[in-house]
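Dropping a structure here in structure tokens format, bear with me for questions.
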């Protein structure tokens, strides 16, 4: 009953409800000597902020982050970094409807069964705002990765049926469309699809892809804390994610060993793989190729259509979820997946530092 | 660097190499008073034993389990349960080839880079025999689930392109074919496919599905230790698994909110969902519907064809993996996925016992 | 490198520096349905506040706590409880002296060697203000204990050479003297001793005793997470504590088995011990008798006398620690020891709920 | 309910009952490349073996260790090291008396209350034989320390009232007397004392001291995982230990700040302390001085005298504990305390490797 922490050495603990006083995260185990500012974290938070395009909720939140500890004279000190984002949208409002009804697709029902009490305001702890802590931590993790020359990047691979094929990727276009797709052309089609769903008070999902380059070989701890296993936990723990795959993922079963195996080659003393069906992991450890993971995001559960449901007294009734909701959360979840990937990688980078006796002798 | 444990309260720690003295697991945190015998565990282990059909390796291992601790007069005592399976196939053999080459698709290369040393005999720690500890623990977990009326069952959904559609499931046929598919007809087709690949010294993969029924509502700990997140880690940590999905998984993004949301209904005081696209989890907690997860298993990496690779000196060369290997590991991995699911569920059942003050008052 | 968390199920994570923006704690795993208010936590915090007697520093801090999450309509919801205390004493000040010198008895030197950087203002993370998070968490833990009829109470057993013998305990007097001793008479003598040391710019230590009554039998997890072992960690982790003992502790080696063993007796179906040399634990589990632990607190390290030291350049020099410091921290540490005891007990109460299969059947 | 593991990165999990098939430990997280043999571990185990002097039980156990995994060609591979010691003394015997009575001073009563079932044979999991796993792990940890030039040594400081003063220490004599005291003269007196107690069917306790030299400065993780806090847990978790202190420990409260503070000095660029009242820790981190800890061991609970007790039906009765028992367990516990210290130090050495960004850059 203490599932709000992730990571073993770079350990993040998130807290906060949608309409409580604030949301935050404590990062324990960040190495000392890292340059860190609120401005850097804010850049990450701004990527998930609402109200940035016509496809996102209009809720107006500044989501300004405050560093409460762990940084001195612009550098991390090795002590826990506490980050706070105050909620602004706490105005008194009539939640009566949501208080007594279980919204389909939401956590309301199991949450109530589990705890016997529920902060129903805006979804409480199960709100998308919970990801603020993840993204703030991801911002810190990404700085560490940068220092080591490792890059992590997430983007929208598909919205509903509109997919960007790998051969059509134009990474430079990701920031040019509000869906964060590596193809403005596909993004435009997807945008029209979303608009048509909005007109029907409906919603859609999509697939987020995240890649990481320049990882050292051997990240990931056999047996249970494999790189791909921890990434699966990290990304599946994001609300609305229903599947995670690495490399060819669910296509791999359709291949054969002779095609799916990535042959090794060496050139100028550097070992590489001739292909990358594996998506950068072998035996649960990074293999030197690009890490490739994908997350399947379900359609937004909050829709303005009337749906069947039951109330907290166990009676059948209907519900119409009011308010403005994202018709698709994929674009805003891109930075969340990138953050969880970054956090996982940093934790495994730290863990891997104790793999060999010779490493101990380098430090001591 | 200590990734061999899984679970917080029902905590399993596996150990052992393919050709070392033995393989085993320590289960710490098993509640006292559970009837447990070696015979029960053996039944689970026999399901993953090699040599049971023409599609599995001929390695002849009895894989007999010994209970070393934690059981007294046929019942668990609450102390750690140590389980040991001796390796029999330790005969001296020429491993020279594997010792100096990195097998494509295997952990050889990253393992060597990570640790600087590698027990190359039969894959060492990265061998499929590592799953013996998982399955032994799964056998114990399944007994606990049985006592609570919860059932878990895994089976082969597809082999290469041969898939059993949900509407064609015949659960009674699972034990009737050596591929553990819920359709003898599809299993026959799949068997021919495997035979044709064997003739070509090639291999294939497949998809394993696992279902759990009669779970209490509310299992899973927000935020990072969600039911689906921990299942994703648990299952992705199994060698050869490249993807995990819950419910509609990677199909969910193609749906819309109005179709994908599962409406609630109540009947005779019982709340249920009219559909189960979610696969039994909402907000990362069990929702009372059937839990449905799928794992994508890649084609067996060990194939008898000659492949490109490099040697441990970093030179280009070719490799032909000798010995008899499973052309498809899916059937033997079925019980592994079932075991990891059972272990995860038991751990979350224990964790959930502290969710409410009123539960404390029931016990104290 | 992530040592700011304590507890497995009732898990607290503290953060904050003496002169940063604030200090706080996140409590993850508090059962839902507990009545909790800021006023209750404030009462605990007020017990450790400075400026309450002539023996404590005059630093004027309100130390007002704010509940940022995890409580809804006056009850805990099962989600993480984030507690924040803003630092008020952040005024710009000349710390130059402390910045470049290592204070004897303080963490300055090892902290600098460990992290290469140090927030020197007021001791940074190693300040006594770090205990604010512990006490806030202890306040919540004590509420849970109260609900179960368990009481925990700490007090000052000795100040320097002035000790209250067990046969002289007057618990009603604890709140009547500013040293929290169970004897006003001894407290008066101790007070004079402290005054004389203050006149000499010196300081002293003491012994804190903590007792807990009405614990269920069997709390504590063999082998490493024994009740006494976790209490030892919990209490030794408090700054300035140099020793921890249970029951007769360091006197036990002077006894013999025939005297030190506590014989069992039964009366009206209740089992009890005829004596309690063990201090309430047998085999690392609570035994139904009163839990008795003692912590040895060293003399305050900050003294106004000139002492030898070295500076951060490794040169010999002298230091005179300026500012007003507690001549003895024992009275203010009483509530810290009580809090750490309460937190440990709650964590073990939660863990113990999964000890038996029959408990699972009570909940499910 | 899973308290059989200790350590975060160098993580040991012990298992086994006194009269079950065997006792063992799994060490997960041992760095790869360490030379390790059964012979080295055996040397440690032999130090705790029974039957080595007239003061120890005559139980004849070879206690031979077998390495089951994690070592290849004489070196650790980074995978879990599983160590097994078979119990030989499993002969059928009449335990009826112990089965139905709670031995004073033993874990029988709380164990039964906790789990509802108890392996009463020889104390089961609460037997002193449980320490075999600790000592086997300590043997491995000590090898790592040796490689880094760190030494750990434990010895008997006092038996009953017979104490060796620090100024009389003769370390060369430790191995010369069967009590492991650093003074043959005091050991002789203590031996007579033990003999007299044996004649009276009584037992005694003592104090074990453990020192560690050449630790790097800065080991220990603020706030809860401080070096002294984790040592306190590690050592207090050993059966029969009732108190732990660091440096001056329980004498510190009797001193004053001006005497108890250890002034810093520098010589030839090396910083040291002019005294070591602190016992080698400041702020919970190693400070470069000798680490000094002491453990108070209670008198052996098993005595041949008749004592009051109750039976499992809750009735008053008497008990006479049969069999041959150590009149004092201190000498055999010396290596256990040394082992737990070594394990704790290695874990903190590994944790400390991630303290600074510059360390990451040294490895990656």
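Labels for the chains are A, B, C and D, by order of writing; each one numbers its residues from 1.
By definition in this document, a residue touches a chain if its C-beta (ideal position, glycine included) is under 8 Å from a C-beta of that chain, and two chains touch if they have at least 3 such contacts.
If you want to know which protein each chain is, UniProt gives these names: A, B, C, D = Chorismate synthase.
On a predicted model such as this, the values are computed, not experimentally measured, just so you know.
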What is the shortest path, in steps, from subunit B to subunit D when you may only step between chains that touch?
1
Chain centres computed over CA atoms; the one at greatest distance from subunit B is chain C
Distance from subunit B to subunit A - Cα centre to Cα centre, in angstrom
26
Subunit B and subunit C have mean C-alpha positions lying a whole-number Å distance apart equal to 45
Residues of subunit C touching 2+ other chains?
1-5, 8-9, 14, 29, 31-33, 76, 78-79, 114-116, 125, 216, 222, 350-352, 354-356, 358
In the complex of these two chains, what residues of subunit D are touching subunit B?
1-5, 7-11, 13-17, 20-24, 26, 28-29, 31-33, 66-70, 72, 75-82, 84, 114-119, 124-125, 350
Subunit B touches which residues of subunit A in the complex?
1-6, 14, 102, 104-111, 113-116, 125-126, 130, 158-161, 197, 200-207, 216-218, 220-226, 228-237, 239, 242-250, 252-266, 269, 271, 274, 277-279, 282-288, 296-303, 305, 307-310, 314-316, 351-352, 354-356, 358
Subunit C to subunit B touching residues, read off their complex:
8-9, 29, 31-34, 76, 78-79, 144, 147-148, 216, 222, 349-364
